[in-house]
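Look for subunit A in each of the two complexes below; its partner is subunit B in the first and subunit C in the second.
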Partner chain A sequence: MSGRLALNGFVALVVAFVVLPIIAIVPAAFSAQSYIRLPPETWSLRWWDAFFRDASWRQTLLTSLQVATLTTLVSVVFGTAAAMGIARCTARGQAILTGLFLGPVVTPAIVLAVALYSVARATGLVSTVTGLVAAHTMLALPFVVLNVGVSLSALDRRLPMAAEGLGADDFHVFRTVTLPLILPGVIGGAVFAFVTSFDEVVLSIFLAGPTVKTLPVRIWEEIRVEYTPVVAVGATVMLALALVAAATSRRAGRRNRA
Partner chain B sequence: MNPAGGRLGTVALLVPAALIAVLVFVVPLARLLGISFSAPAGPFDAYTHVLGDDIYRQVFGNTLLVAFAVTTIALLIAFPVAFALTRLRGGWRTLVFACVLLPLWISVLVRTFSWMLVLERNGPVNRLLVSSGLVDAPLSLLFNHAGVLIGMVHVLLPYSVLPIYAALVRVDPSLLRASEGLGATAVTTFLRVLLPLSSRGVATAATFTFLLSLGFFVTPALLGGASSMTLSMLIDSFVSDRLDWPLAAAASVVLLAAALAIVAVASRFIRVSNLARVHR
Partner chain C sequence: MSDVRFAGISKAYGEVRALHPLDLDIRPGEFLTLLGPSGSGKTTLLNICAGYLAPSGGRLLVGGRDVTRLPPRQRNMGMVFQNYALFPHMTVAENVAYGLKVRRLPKREIARRLDEALHMTRLDGYGGRAIRELSGGQQQRVALARAIVIQPDILLMDEPLGALDRQLRKDVQLEIRRMHAARPRTTIYVTHDQEEALVMSDRIAVMRAGRIVQVGTSVELYEHPVDTFIARFVGESNLLSGTVASIANGRAALVVDRLTVPLEGRAAEGLRAGGQASALLRPETVRAQAGGLEARIVERVYLGELVAVRLALAGGHELWSRRLAGEWVGGDTVEIGWDADAVSILPSASFED
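And now, the complex of A and B:
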């Protein structure tokens, strides 16, 4: 009995260790001082005002949303197609393709960043939306391919075959039978892709530039030098978006099981 | 299964994603490999320096040390948490699970910045320690090994908990009761029943955590100091400060080779593709 109590106490401590430091960022954003002290001595919204009044902070947020939206569109379309293609391959083909698509997952981000930076410099893609979207799509694709793959393997193959037998063409079968059935996997993959792009720092530090800069890159630059609570506002915006994504994915996941 | 679409259809489905993987992943890595052999003093000059110079060797040693320490601490914390998760029911189970998984959704940058605020000299942790009388003066918890270890364990903990949990839920609880019933102590039951039955999960957790900590960049760069430089920080400084591309490329190739070696060895025992599933 005392063993169970000790175990539960330990779990409570770990939960506190995991959760509290993440939440700590929020009060910092509501400080009235020009420096960060936790908890703030006096409270205000002045740094939220400063964040949204400052055109450069606003621009980084817009760039982040733009890059994440484009990344989501490209990786969901390409990734869903790839997952359907992989499902049609032989076991050997599946192993090779899965290896190719999973490569970025096991490659350290700094290695990808330096490699992409060298190519982007040679092709003029540094500080462009295209460069960032290409890099983020490469990172997001494995998650879409895997998620849609899981939905596809649960799909009853007789359903698309029946539709075909009834005379529907390929596109019609996909739109009216396959897609609705794998939609939870596609939505799950889309949420992953969006968050992967929105949160990405390492590759973006190298690929962003003065004209095209995402929110995490701006935060990174600020906290490496000296920061005011306005950085905590930026971080809180990222935190809020992550929580919305987590909730969305949970709902999609529930539908996937249902 | 789709005679109308056939082979051509399959290829058409695969081409766009494969093109991204080749152009944005394979080609840049191949170029990096080329650059690593392009030092003016000779093709292997960059490797001789990266692997031979004492100062860089120290960085390699430190990187391995940090990765080992993070993996060990994470496993020691993760096992009891994973075990507790198999015992919890209903709302508590959902709550603890959510708390363990939630960090995976939140940017590493945000979590690391949070630790900077929590661990700073006048931060809440130090004030608590001083006011409780545990220490006389504030501890320096940032820009050294302590900060890096705390931050990295925090970020990588879910990668340790989930594989161990996946193994422990499959252990038949009646085996534990049998062990207890036969008079084994809790320690004996753990060592002779629970641990052997979950060894694959522990191995998976160790592999994922070690692999990810080896190449970690954001957390060591922000929480660590010059004395706790890791390989990823070194690569960054080769590119950003010294503009020495052959050295950066050679160090990157060494890091990638180490990661791939781990994956190759581990894939004999575990499914490495599960790493992508742990993400969120």
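And now, the complex of A and C:
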């Protein structure tokens, strides 16, 4: 009995430790004061007003959405193609290629950032959407390759064979048979890619500039100057989008089982 | 309807020979079965025919046209896969119409041929169903409908009944047979089930270890097997091995150890005086015969109208007999015999395992 109590207490502590800091930022965004105190003494939407009235905050949010969307598109197209290529290799080839694609995930972000910064400077990609998308795609691609790879390994290989035998060319087979059946993996990969880009900070700090800046970078810069609830609004916006993404991937997962 | 000609077709994976160079001609409208144990190369040969595998050597001719290098989509063949490979995200109608839509036929033509195929496979009214709602037998019929609706030059079937239970399998065998009789279509059918092969085929090619051992009708394979492998694989058999004492006029005599009289029978090709061989006695030919060999009844198995009896001969050899139930009545000791014409003297299979 006491053991059960101790276990429940432990679980509660873990949940509190993991979840509370995340949730704590939300009330702070609805504070009427000009400093962050929990819980807020009085409530208002003034900081939301301030956030969306400020053209520079709006611009960073739009840039973030733009970069994340483009990153998602690019990594889904290339990641799906890569996963299909890998699935056709021998077991040894699959191991090597999967390892290569996972490289950017296991490399420390700061190492990647320094390396990419020198390349981006040499090619004029600093402070451009293109540069950010290229960098984020490196990080997002592995998630697409892995997610699509899992779906592909569950795909009965005779299904595309059957379609081909019935007269369909490669693209038609992909569009009508392969893609619909691996779609849950593609959507899962897309969600991961979007989130990865949307909350990426380290590479973005190096590659962002005065003209092109993402939301997390702006939050980081703001917080070094003053710690106002506008920052909490920015963070809450990010949290909301992450939850939407998670819900999307769950729905995709359910479709997969159906 | 087209004829199919495998000319020196072979397949090797590195050092491993999956198929030795082989020749096989299939006539237009013929139902040919590739019969063999697993690993004999029958599915490899079927996949080469469909274009899913490239042969290492040889040519494949369909209706006189060399299709060896053509991709599957240009071969116009209908394939029924083992476990069917139906598209799980499509309805029955979408599965069956897939090959028609790919061919960009007019909508009305697609609808007409779809209805016809569903009707022929007794799936009327099932068009809107999802694949997972169907029983195994219904899925099998969808796979068949999807393959024949495109009016293929060749119909290929890879163990299409393997997943069905025994009774259903027998029904579907006869149904496919009737469909084939009503509308003959060159068909290559792969199975490891000899009974299935005997029921369905115009001709059977028995395969073993990457070679075709014998091609013939059911009757030819049963009555004139070329060696002991075929004898064992097609039908029930008693085989007694011994040494060939003499060969003359298409007949041979075989001396079997511990058997007082030599066994005489029809000589198969490839026998050699003094060489090793086996005598084949089908169980239905071994009968009670006054004044014949003495034997003891060791076991009786009741099979309905027939009874199978295991007989021990004096030298320790055993034979199975399968006759009408009334024949083996009475005591445990009997005298048995057979017609010399019903005995075949066969060379042992060259690569027996």
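Keep in mind that, in the parts below, the second predicted complex is superposed on the first by the 257 of 258 C-alpha atoms of A that agree within 3 Å, B and C clash if a C-alpha of one lies under 4 Å from a C-alpha of the other, contacts with A are read in each partner's own complex, and residues count from 1 in each chain.
Please note the rule applied: a contact is a pair of C-beta atoms (placed from the backbone, for glycine too) under 8 Å apart; a residue touches a chain by one contact, two chains touch by 3 or more.
Everything numeric in this text was worked out from a predicted model, so none of it was measured.
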Fit-or-clash call for subunit B and subunit C when the two complexes are aligned on subunit A: fit
Which one hits more subunit A residues, subunit B or subunit C? B
Could you look at A:M161 and tell me whether it touches subunit B, subunit C, both or neither (first, second, both, neither)? both
For A:R88, select first, second, both or neither according to whether it touches subunit B, subunit C, the two together, or no partner. first
Using the superposition on chain A described above, determine whether A:V177 touches subunit B (first), subunit C (second), both, or neither. second
C-alpha centroid angle, subunit C to subunit B via subunit A, nearest 10°: 100
So, A:P210: does it touch subunit B (first), subunit C (second), both, or neither? neither
Please indicate which partner A:P104 is in contact with in the superposed arrangement: first for subunit B, second for subunit C, both, or neither. first
Subunit B versus subunit C - smallest C-alpha distance in the overlay, whole Å: 6
After superposition on chain A, the subunit A residues reached by both subunit B and subunit C are 161, 164, 169
Residue numbers of subunit A touching subunit C in their complex, please. 156, 158-159, 161-169, 172, 176-177, 180-181
For the subunit C and subunit A complex, residues of the former touching the latter: 50-52, 71-73, 75-79, 81, 85, 87-89, 98-99, 102-103, 146, 150
Per the contact definition, I'd like the list of subunit B residues that touch subunit A in the complex. 1-2, 4-5, 9-14, 16-18, 20-21, 23-29, 31-32, 35, 77, 80-81, 83-84, 87, 96, 99-100, 102-103, 105-111, 113-118, 122-124, 154, 157, 186, 211, 214-218, 222, 232, 235-236, 239, 245, 248-249, 252, 255-256, 259-260, 263, 272-273, 275-277, 279-280
Partner subunit B, residues of subunit A touching it in the complex: 3-4, 7-8, 10-11, 14-15, 17-22, 24-25, 28, 36-39, 74, 77-79, 81-82, 84-86, 88-89, 97-98, 100-112, 114-119, 134-135, 137-138, 141-143, 145-146, 157, 160-161, 164, 169-170, 192, 195, 198-199, 201-202, 206, 216, 219-220, 223-224, 231-232, 235, 238-239, 242-243, 245-246, 249
